[in-house]
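Each of the next two complexes has chain A plus one other chain: chain B in the first, chain C in the second.
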Partner chain A sequence: MLAIPLIAALSIASGPPASAPPRQPAPVAIRVDGVVQTDGAIGPGGWIIVRNGRIESIGTAAPPPGAATFEFVGGIACAGMVDVATQLGAPGQFSEPSRAFTPDVAAADAFEPDHSSFLAAARSGVTTVALTPGSDNIVGGRLALIRTRDDHDRAAQFVGPGPLRFTWSDAAFPEDRLPSSRMGAMARLRELLANDTAKTAGASLVSAQTSDQIRTALDAFTASNRPLALLQPFHAEEALALLPGRAQGVVVGPFNLDTAERETRLPKQLADLAVAVAFTANGDGAALRLTAAIAVRSGLDPKSARLGLTSVPARLLGIDGDAGTLEPGKRADLVIYGGDPLDLAVSIQMVLVGGGAVAKKETP
Partner chain B sequence: MIPALCALVLAAADAAPAASAPQRLRGDVIVLQAAEVHVGDGTVFKPGLVIVQDGKLVAAGQSMPLPAGANVIDCGSATITPGLVDAACQLGTSALFGAAEQGSEVIPQLDMWDALDLYSRDFEQLVADGVTTVFVTGEASSVISAKGAALKTGGPIADRRLPAKPIVKLTLGPESSGRGASNRGPSRFGGVSYSTRRPTTRMGSAWVFRKAMHDSIAFRDAGRASNEDLEPDAMRALADVLAGKTALRVQAREALDFFTAVKLADEFGLSFSYEYATEAAQCLDLLAARKIPVIFGPVRSSDSIFEGFEGAMPALETPRLLAAKGIHFCLTASDGSGEGGLGRQAGLAIRFGLDRAQALRSVTSDPAQMVGLDGRVGRLVPGLDADLVVWNGAPFDDTAKPVLVLIQGRPVLDLQGKFRKENS
Partner chain C sequence: MKKEARPWHRSVPFGTAVALASLGSPLFAQFGPPRPPTVIRGGTVHLGNGDVLANGTVILRGREIEAVGVDLPVPEGAEVIEAAGKHVYPGLIDVESTLLLDADTLESGEGSVSGRVADALDLFDPDPFVQAWSGGVTTIGVASRRGLFDGPRAVVTMKRSRAGDSLLREEGDLAITFGRNIGRPSMRLREWKTFSEQLAATQKYIESWDEYAEKLEEYKKEIEKSAKEGTKLPAEKKEEAAPKPEAPGGSGPGAGEGGGRRGPGGEGRRPRPGRAHAHDTPFLNWLRDTLGWMCDCGLPTHEGGHADHDLHALLLSDGVSYAEEPAKPEGGDAKKEEPKKPARPNREESREVLRKVLEGKIGVNVYFGAAADLQNLLDLLATYPLKVVVTGGGESAELADELAARQIPTVVVQPHDLNSATLGAAAKLEAAGVDVVLTTAGATPGATRHLSLSAAAAIAGGLTPEQALAAITSRAAALLGVGDKVGTLKAGMHGDVVITRGELFSSTAVIERVFVEGASVLQR
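Here is the complex of A and B:
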């Protein structure tokens, strides 16, 4: 792992640490040699100016007076990674299998802001995660959107409720619980989709594995105009053609060096169909990057792979107005890598969450 | 001729979105010529030809002027029939958690469409058997099943579903009273629960049906639920049965259960069709007198003509006996395929005395009519779907099998490469 000392606040430039009343932090200026653009390509670098926790400009302005400046030779800036399916801080606490349909269960109720795993996620480059109910229920409950650090770098921060988590694979049909058939479940699913008026942005996260599970899930969600993203649809090559225009995206991962080629080539197959791919690895940035790199090795284009770590998951969670890409006006959730984020030989140089430095590699 | 053909088929193949999708010759005219064309209503053309365009049958006849630019496929000495139709199929449901809903004995508000696995290998087998349309009836472990669903066995997923009339099934006898494959018997040590099921007896099945109908009537008339076991949606669905908007099918193997069904139907002023009907031969007069349609089968070739569990009246001869009585009937293979498939059911019926033309009707136009799809499938007449089977011999003979199957004009089985050949 990277040895990254934590800097509690930007003490170099901003004076006493953050026990003082709210104040305007000094602007931050970071010089890099490349920036991952909104299309996933690595474009030219320059100065990135961050003010009040937001990106003010990228490559168009010089550091303002009084700014804390950082320069990374060879560094590439990328939006912080986003993981749509994690159980950080409370493993085992996101499954409530007493009933098949528990839409009112909220993952936010199992959120522990001080848990060290959020800090670890932030240091590994993951700036937003969703806490996600498990796969035991047909409707497992509502996701919780979490920034891995708050603006003062004290704890993780609950941002708001996310979309619902559904499981449409065999895991949601234990022998001792009703409904016992997909036919019975389908009637209740339609009723729930028709009656759920909770307005959350983003796409419902649906676990479906076989081709027919995917077909029926798509039918149910399309009929009620509900956006959905599929989670780990690994046995479904026949149904992939149904996805374009109907699934907002597909979430896969984590991949490791032992993952079967049949799974690792799925991102490329999806990209060929113009279906967006997001990666998940329980909030572990190193594992996310490895997953993306393996997808590239199996044919995915690098631009789509970088977007799969950042803007695609942000869009699936409905937070793409604020996160997922480096653009003026968005929150300054960004990571400076020593090179291409997909190059695993490259280490993280600096992580900012909301403009506050969570981690910075010591430079001589 | 041949080069033109090549170009035509190649162009169509290039336009197909994916290599796995069968090419659709939209706009192109396909002509199939064969030694015999059986329309399915008794008419036979020798030799014959059929003309297909845009997935529909344009014409069938002995000879007629061919449209300019037609793609002519010569099937030689083969016989063309309509695609077979099974009105009581039990294949294609999602293997593990499809149709066996244990939540209630009475589930007419549910839809078998939701239990189907359109990617099931069952459908490939049905296509290989020449079956192009199936009506999948509700699972027999429910007393009153979900509504059946009709679909094509091949072609694009989005085109599969067919608008059949709504039919729910009452199952009497052992399947619904706890000994069916999908049920577990009540534990000797525990109480009855949804996972152990009731009823457990033949009289129990009749009681569940009767109570459900009475509750539905009370709900319809009083507007409130009086039965804590039934969802309002279920009672509304039963009200549709009482009003004749949803048809009733009864599955019963034994004659005793058939007589119970007649009794129950009379109590509520219902008519019904009779599925499975293993002992129909014992009820011929009543079936004929009350004009009850029969969906007969399956029989197994191993069923003895001398003795079977149904006693002295052999199931194998039942199709002939039904026909002789003028009873409206069709054949089903239920969950059988291959050697137990629908073509074999027709073959057995012919071997035991059923007229060949009627045997063909009993697996094409008659089942289509029974599920309200006779305006779409079951005959080779203009305007119907171009679902047809090319047999390499006399249909249903043990020596013949389907070699080319079209569904809505697309080849879904092509053993001799009649479509493929021109591609290479």
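Here is the complex of A and C:
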């Protein structure tokens, strides 16, 4: 009856203890009544077959012999949530304010694979997070891409260096550190972008709040042909029109009941401009869903909201080939909800990360 | 039903109707032009009390709900809204909202118990109304929680009205707040000390007034007694008595008998100092008669509380002591026999409010930050049987059985991040038998527009959808003391109705129509 998905021993399926659900040697078959499709709409359900950690088929095949089967009446399957800006596991370890430009910093260095917050994230339906350097530096270093659970029951970094994190808002321009002006910063930034040869997938994550900050950030990144995603651009109504075609997306959140309507309306305004929106809430699945729900209540269409939890952030991180949507061949990062993932009255029934179940609600 | 009376606007020629309308314009300006009835037909009607009518009809006429049912005939001339496939709900109620409240206008710190929230409302700013309607909210309880004690909350219908009739209740529960640190040091020990001291002091205050009333009664009797005996007194001492004040002899008795007319001898004829004589009992009688009819309450137990009460009491006591005073130097011996007027205690507004609380005339809504505060409160109820409502987070679930046993209405504040750890509390309380009410109680006024979302989270925590609905409609109305007006779709209730596409608790639901007192305020 609790909203918290209870970690389950999965004993119904194969019998191993909860603490170490190993890769299922047998395929897993999950029956649901709906599936969130790649366009964000809820389509018809059926059996989802998972084998070797990957999705084998959706709604087209019967459970293979020997498969562990689960059926969820009214259940809707959706890709696991992806959060592009978290500091899970080591709050405070992602700030290095000594220098303005720290492109050599890697969030991966502060990564603690055994930290309990990754399991909590997984249970709440978040299957991939990026660890993100803080907002103290104009160039803050590289994101680390983490799957919240791996075969060995811990979190794991799964690709090389992630995208760079930039901060273009006032936080990165303290008085006692150089450069103290955006002009000086721009000069250094152009130099750095020209010399940065590390090829990373995904978009640079740029904090820019005011219209002015956004304009200069867009200029610098377009000039060097780099994709960027804007983080929390809440004071920039005039600059929003500059974003289509130039920003890969915009990352906002978390929203709560107290968030000003001016902010909660932003996702709808962006969607109207055909700018993709991704939600962030420090890896907390419930907070991510609340953020999406409030965005919907503030006018965002439900399809964009579902994509904002899954495929948009996956694309911004450059991992959309492997995560973010439910498609045959992709990693089996999936969450079974009791209904529409956007509905807060609905709770999570089951979470699989890479095909391994990390959470399953007790069946009554 | 065959012979339906033709509505007046059909039988009266158009020109006449226009003439009537313009003639009656002052009336219409206040209540708005008369509307044809509105019929909401074919929707899934959620009454708010747990019942649901499939394919139901709701008829609004004037400011009220005329009928709710299945297969109701459509009144002639009605505007029909087809609600097939849609859901119809009573207007939602957030029992604790800060919409309409400019927090800066409220006193901070302790002891603002006599400040009524109703006096701090801003009913002119349109934005809060739009916010409320966008969330389907039509009634709010407005409470201020700035200190340990805050004044009585207001209950407001979210209609923009120049008539000033949007207050459903001006003096609701008193807000008491424990363990919420807003602009003041908050410490459990100190708060509870202050709280129980205040109650004890109020108890003393009540006793001092009771004592005064008793003594005053005795005093009055003695005055009357001495007045009878005293008829001889002035005669005996006539030779040394100062000239009688003229007023009493003249208009006094007439005014006394006349009642209801302010006697000409009222204030202007007051005898000048030096001329009055204390033992002039006819003067005293006149004084009491004259002022007595103006305000025959004379006692602190007076309930109407009309504005002149204090003034009259003051005049009376002033006049009496004035009459007594000059006697001191003159008739020392006789004075000892004179009854002494009891000293009137000071009337204190904050004590008067707390007095109503102790006497059970108004309830208290106690917010607690921790289960320990709630336990303290329950203990305190043994000494002071207050009419209490508790408001708090998930902690109340820890005392669910006790709250149920004492039938204490319980408001569960949905945390602003809808953090799942507390969402099971409402269901737990419900299971124990407590009728739960849900509120956003947002730190910001805008939270009220998310009332249905916050209730949805409680459904994930185990409430049924109809329980959750009752928690923000019928039960909420009962808790605010306005359950006879709002909160349920029922004939005779205010025409506060919400129509949604999709179920209310779904995030993807769209609130399409909102009616407040029968008037459409939102349409999309």
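Keep in mind that, in the parts below, the second predicted complex is superposed on the first by the 331 of 364 C-alpha atoms of A that agree within 3 Å, B and C clash if a C-alpha of one lies under 4 Å from a C-alpha of the other, contacts with A are read in each partner's own complex, and residues count from 1 in each chain.
Note that a residue touches a chain if its C-beta (ideal position, glycine included) is under 8 Å from a C-beta of that chain, and two chains touch if they have at least 3 such contacts.
Small disclaimer: the values here were computed from a predicted structure and weren't measured.
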Combined model on chain A where chain B meets chain C, clash or fit: fit
Touched partner set for A:Asp212, first chain B, second chain C, both or neither: first
Touched partner set for A:Ala286, first chain B, second chain C, both or neither: second
Contacts of A:Arg182 with chain B and chain C, given as first, second, both or neither: first
First, second, both or neither for A:Leu344, with chain B first and chain C second: second
Which superposed partner A:Asp170 touches (first chain B, second chain C, both, neither): first
Partner chain(s) touched by A:Pro302 [first = chain B, second = chain C, both, neither]: second
Touching partner for A:Ala223 - first (chain B), second (chain C), both, neither: neither
First (chain B), second (chain C), both or neither touched by A:Ile294: second
Minimal inter-chain CA distance - chain C and chain B, angstrom: 22
Footprint of chain A on chain B - complex, ascending: 17-18, 94, 96-103, 107, 109-112, 114-120, 146, 157, 194-195, 233
Residue ranges of chain A touching chain B (in the complex, touch as defined): 170, 173, 175-176, 178-184, 186-187, 210-212, 215-216, 238-239, 241-242
Chain A - residues contacting chain C, complex: 1-4, 254, 256-261, 286-287, 290, 292-294, 296-297, 302, 340, 342-347
Chain C to chain A touching residues, read off their complex: 131, 135, 414, 416-421, 423-424, 427, 440, 442-444, 446-447, 449-450, 453-454, 456-457, 459-462, 465, 468, 505-508
